[in-house]
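In the part that follows, the structures are each spelled out as structure tokens.
Two complexes come next, and they have one chain in common, chain A, joined by chain B in the first and chain C in the second.
Then we have the complex of A and B:
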């Protein structure tokens, strides 16, 4: 085996990302079960009082650390790895990457201080006029800008590679990672503008008020593509790594895989109003148009489902798998990385159905801000994405550190326990939502909870307890791995599923950036331009800030 | 080498066609519900100044409550507020069975939600904006309306009720 050797400096940089990510997940996820217990009526916050003042302070930590820090750090690390390993070339500018990384770290610390001081209990959506300490907004800005800087570093590396390899197709994992990084650059403009033009000056006392509707509109400009920023790295692994790990499979269709990434780039931003279906102040026609395009962005996900399953099936049949579904048993379930990602994929199927339901314009009326929503995104970001990243870490951490994965059997158990806990947790949250339970409420304390919710609230707690066990196993496995005395004999093989077609047969237009980038921008201008123009023209900075937590 | 067309496997082509048709069917179903059945979502109603909306005597929310427009038809002006005590004003409205009520809800402070249990009414309440929705109550009962957006530490106790007699 002679695979491309990633230089030590790059390995260190990537490893630092993964380290910060896992620390964030550890603290962030600690609050998840506590919240679930609170629903069930088991109150642990009394014991945390000296450190954490309330359910909501904890929920802010949970949302920010899990949804923003764990994901962003893991993703930037993984994308950097894919670009370097895929292009078989070191980063063009290591300093830039380091600057970006440290900006993100400083940003996390800057945001963490007010959160821990209970000066920023605004949840991870920080909707004004809830007003956090300015350091919180500065911190978020630094995280975003740091991730941009890292993205620029990846693009420079690509440009340098392109100069050396004029006619080659960009290797798939690098290609898909660059598209993901680009999507992030475009879509984060929303929160950047929100923070820099309104929230930051307001928190510093330079302006008296904000416009809450405009703030929400900026936020969701970023907020929806954010979920694709989370999801696409998991897709990269499912497309181009998992088939290899699961049984020597190959990637079924290189061209269609690329096409679906372009479709994600073009379609995932101009649909943000589907988070604002029930906001006043936005004409229904815009909501309707965004809802139609939302169905459009399901298309590349359906393509992904086909290619991934076909690639897995190809490998399984080669290994003697038979039957319509029995071949699934032939996949390499003993490999914890495979088990995690397959289980993540299975739950994602249900998450996708729930997502279609939410997206359906008027069905959303019934579900908006109910417990159905956290039920849904714990299948998607907290499982499809998180459990996949966990699966990736099961090979990536030994690869980066040269230390053997500690007790792979326990790692596999961890994935199954997560799967079981999440089914119980998420199912009961979905049902509660359909019964009318709101989100962001410690439900056991709410005065309007009818008797019939109680059995479900108990199941939320039960699921949370099982998830707590799984999370603990993960942290133990990771800790024991990075301190493992046993080293891998030779460098861990990076799983790469080759394409069944010759990538050179992939049409050149799928490897050209300009048309897709202009296309995305044009579509955003069409779908957002008129309404944003209207909102900005009528801006009324009349809402003063409140600290009501 | 320099193919311009994508090679598509026949199974995959079929799958893509099925996906496409499925999504078009969903989109049509939603469109029919939106335009055909008239199930609608909130629209721009009016802007208000959140600093004065609860106190200005010309503002209906300085005196929130139910107004009878004609027999069985009501306007309900509701103020959702976190300060000082996480509540809706008025906390309760009582109407006869079969009444048609148009809700006008706004907030003088932070964002709130407004969801009437067991109905289709569920929308955001933003300072500076008025959320409007009309709904007919054809069955007797107590319908709680609850806050569905985080509005501070009392968010979980913020609710009220429509009592239909």
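Then we have the complex of A and C:
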């Protein structure tokens, strides 16, 4: 094995990201089961009263730490690794990367203080007119800006590489990571504008009110592509790493993989109105147009599904896999990193279906603001993304620390326990939603719960308990790994699946940035411009802030 | 490279096609079920 040696400084930086991510996951995951238990009638919040005041405070901690902090830190660490390892060169400007990282850390602390003090119980969507303490908004801004700064560092590294490699195709893991970082830079403009022009001055008392509709529009400008910011790093692993780990497979098509990443960049931002189907003030034509483009994202999603499954099938058949589906059994299920990501992919099968039903203009009316929605995003961000990141950490942490993964068998068990827990939890949430159960409600206190919900509410609690066990096993495995006295005999091999097709044969237009970036911006201007112009022209900063907790 | 490509070209991802067909059938079934719930609740929900 003769692989590029990532410099120690970069390894430390990447490891610091993973450490903060896992700490956030640990604390945030403690509150996840509490929500589920509450639904089942087992309210533990009464015992936490002196520290945590309400179900909603717990839900805010869970959402912010798990959906925002765990993901963003893990992703920035993983993308940095991919750029450095893929381009085979250190970061062009380490200071910039460190500044970005510490801005993010300070931001998390700044946001955490008001959340823990019950001064920012506004959930992770922080919709106004719910009003948080100003420090919460400052903290979120710092996290976003810090991640931008880190992204600039990645772009500088790429530019330096490109100068020396004018005719080379960008190595796939670096290419896909840079596209993901660019997507993040573009889409977070929405939430940055929301906070800096409305929420922060409002929380500081500089303006008296906000315009909730405009704020929601800014939020969902960021909110939907945020889903792809979460998913694309998992896709990078599924495309370019998992096939190698799962059975010596190869990436089925380098060209298809690159095209799908470009399509995600172009299509994932100008579709945010599909989260606002029931918002008054957005004309139906814009909701319809955004719904059509949302279905456009189905194409790169299916290209991804095809390429990833074909890459896995190739490896499995090489190892003796037979039949239409029996080959799946020949994948390397004993490797915890593989098992985690395969199980994440299986549940994402259903997450994708749920996403398409949510995106359907009329069908969405049955599902909107019901328990179906958290049921859905626990299959996507809490499984496809989180379980994949867990799987990645099973090789990445030993690679970064030089310490052996502690008890790989327990790591594999952890993945299966998560899979079982999530099936129970998510299925019951989906069914509850179809029965009309609202989301974001402590249902144990609701006087209107019909008899037919009870068995499903119990299953929500049961699923939450199983997920809690899985999360605990993960944290134990990670802690025991980083403190493991047994070191790896040789550096952990970074699993990179070579492409079946020579990457040099990939068309040059799939490695050119300008047309895709200009195309993305143009589509955003067309799909958002007129409506944003109208909303800003008629801005109505009249809604006072509410504290309902 | 030519040899590598030759071997890879023999691979036909038939299992992948089966997986995706199952996906599409499941998608249609679930979508249609929810659509029937919508219709069953009446035009105004």
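Note that the second predicted complex is superposed on the first by the 549 of 549 C-alpha atoms of A that agree within 3 Å, B and C clash if a C-alpha of one lies under 4 Å from a C-alpha of the other, contacts with A are read in each partner's own complex, and residues count from 1 in each chain.
Simple rule for what comes next: a contact is a pair of C-beta atoms (placed from the backbone, for glycine too) under 8 Å apart; a residue touches a chain by one contact, two chains touch by 3 or more.
Note that the structure is predicted; figures quoted are calculated from it, not measured.
*Asks:* Using the superposition on chain A described above, determine whether A:278 touches chain B (first), chain C (second), both, or neither.
*Replies:* Only chain B is touched by A:278; chain C is not.
*Asks:* Of chain B and chain C, which one touches more residues of chain A?
*Replies:* Touched residues of chain A are more numerous for B.
*Asks:* Quick check for you: in the superposed arrangement, does A:356 touch first (chain B), second (chain C), both or neither?
*Replies:* So A:356 meets both chain B and chain C here.
*Asks:* Based on the superposed arrangement, let me know which partner A:216 touches: chain B (first), chain C (second), both, or neither?
*Replies:* first
*Asks:* Could you tell me if A:287 is touching chain B, chain C, both of them or neither one (first, second, both, neither)?
*Replies:* In the superposition, A:287 touches chain B alone.
*Asks:* Applying the document's definition of touch, where does A:540 land relative to chain B and chain C: first, second, both, or neither?
*Replies:* A:540 contacts chain B only, not chain C.
*Asks:* Looking at A:323 after the superposition, I want to know if it touches chain B, chain C, both of them or none. Which is it: first, second, both, neither?
*Replies:* second
*Asks:* So in the superposed three-chain picture, is A:313 touching just chain B, just chain C, both, or none of them (first/second/both/neither)?
*Replies:* A:313 contacts chain C only, not chain B.
*Asks:* Of the partners chain B and chain C, which touch A:549 in the superposed model: first, second, both, neither?
*Replies:* The first partner, chain B, only.
*Asks:* Just to be sure I read the superposition right, which of the two partners does A:252 touch: chain B = first, chain C = second, or both, or neither?
*Replies:* Both chain B and chain C are touched by A:252.
*Asks:* Report, in rising order, the residues of chain A that make contact with chain B in one complex and with chain C in the other.
*Replies:* Comparing the two interfaces on chain A, one with chain B and one with chain C, the shared residues are 252, 302, 306, 310, 356, 360, 362-363, 365-366, 501.
*Asks:* What residues of chain B sit close enough to touch chain A in their complex?
*Replies:* It comes out as residues 1-9, 11-12, 15-16, 19-20, 23, 26-27, 29-31, 33-34, 39-45, 47, 49-51, 82-83, 109-111, 113, 115, 117-118, 120-132, 144, 146-157, 159.
*Asks:* Under the stated contact criterion, what part of chain A meets chain C in this complex?
*Replies:* My answer: residues 250, 252, 302, 305-306, 309-310, 313-314, 316-317, 321, 323-325, 327-328, 349-350, 352-354, 356-357, 360, 362-363, 365-367, 434, 500-502.
*Asks:* Please name which positions on chain A make contact with chain B in the complex.
*Replies:* It is residues 54, 56, 123, 127, 129-130, 211-213, 216, 252-253, 255-256, 259, 276-284, 287-288, 291-292, 295-296, 298-299, 302-303, 306-307, 310, 356, 360-366, 368-370, 436, 438-443, 445-448, 501, 504-510, 538, 540, 542-544, 546, 548-549 of chain A that touch chain B.
*Asks:* Would you mind writing out the residues of chain C in touch with chain A in their complex?
*Replies:* Residues 1, 4-5, 8, 11, 13-16, 18-20, 23, 26-27, 30-31, 34-35, 37-38, 41, 45 of chain C touch chain A in their complex.
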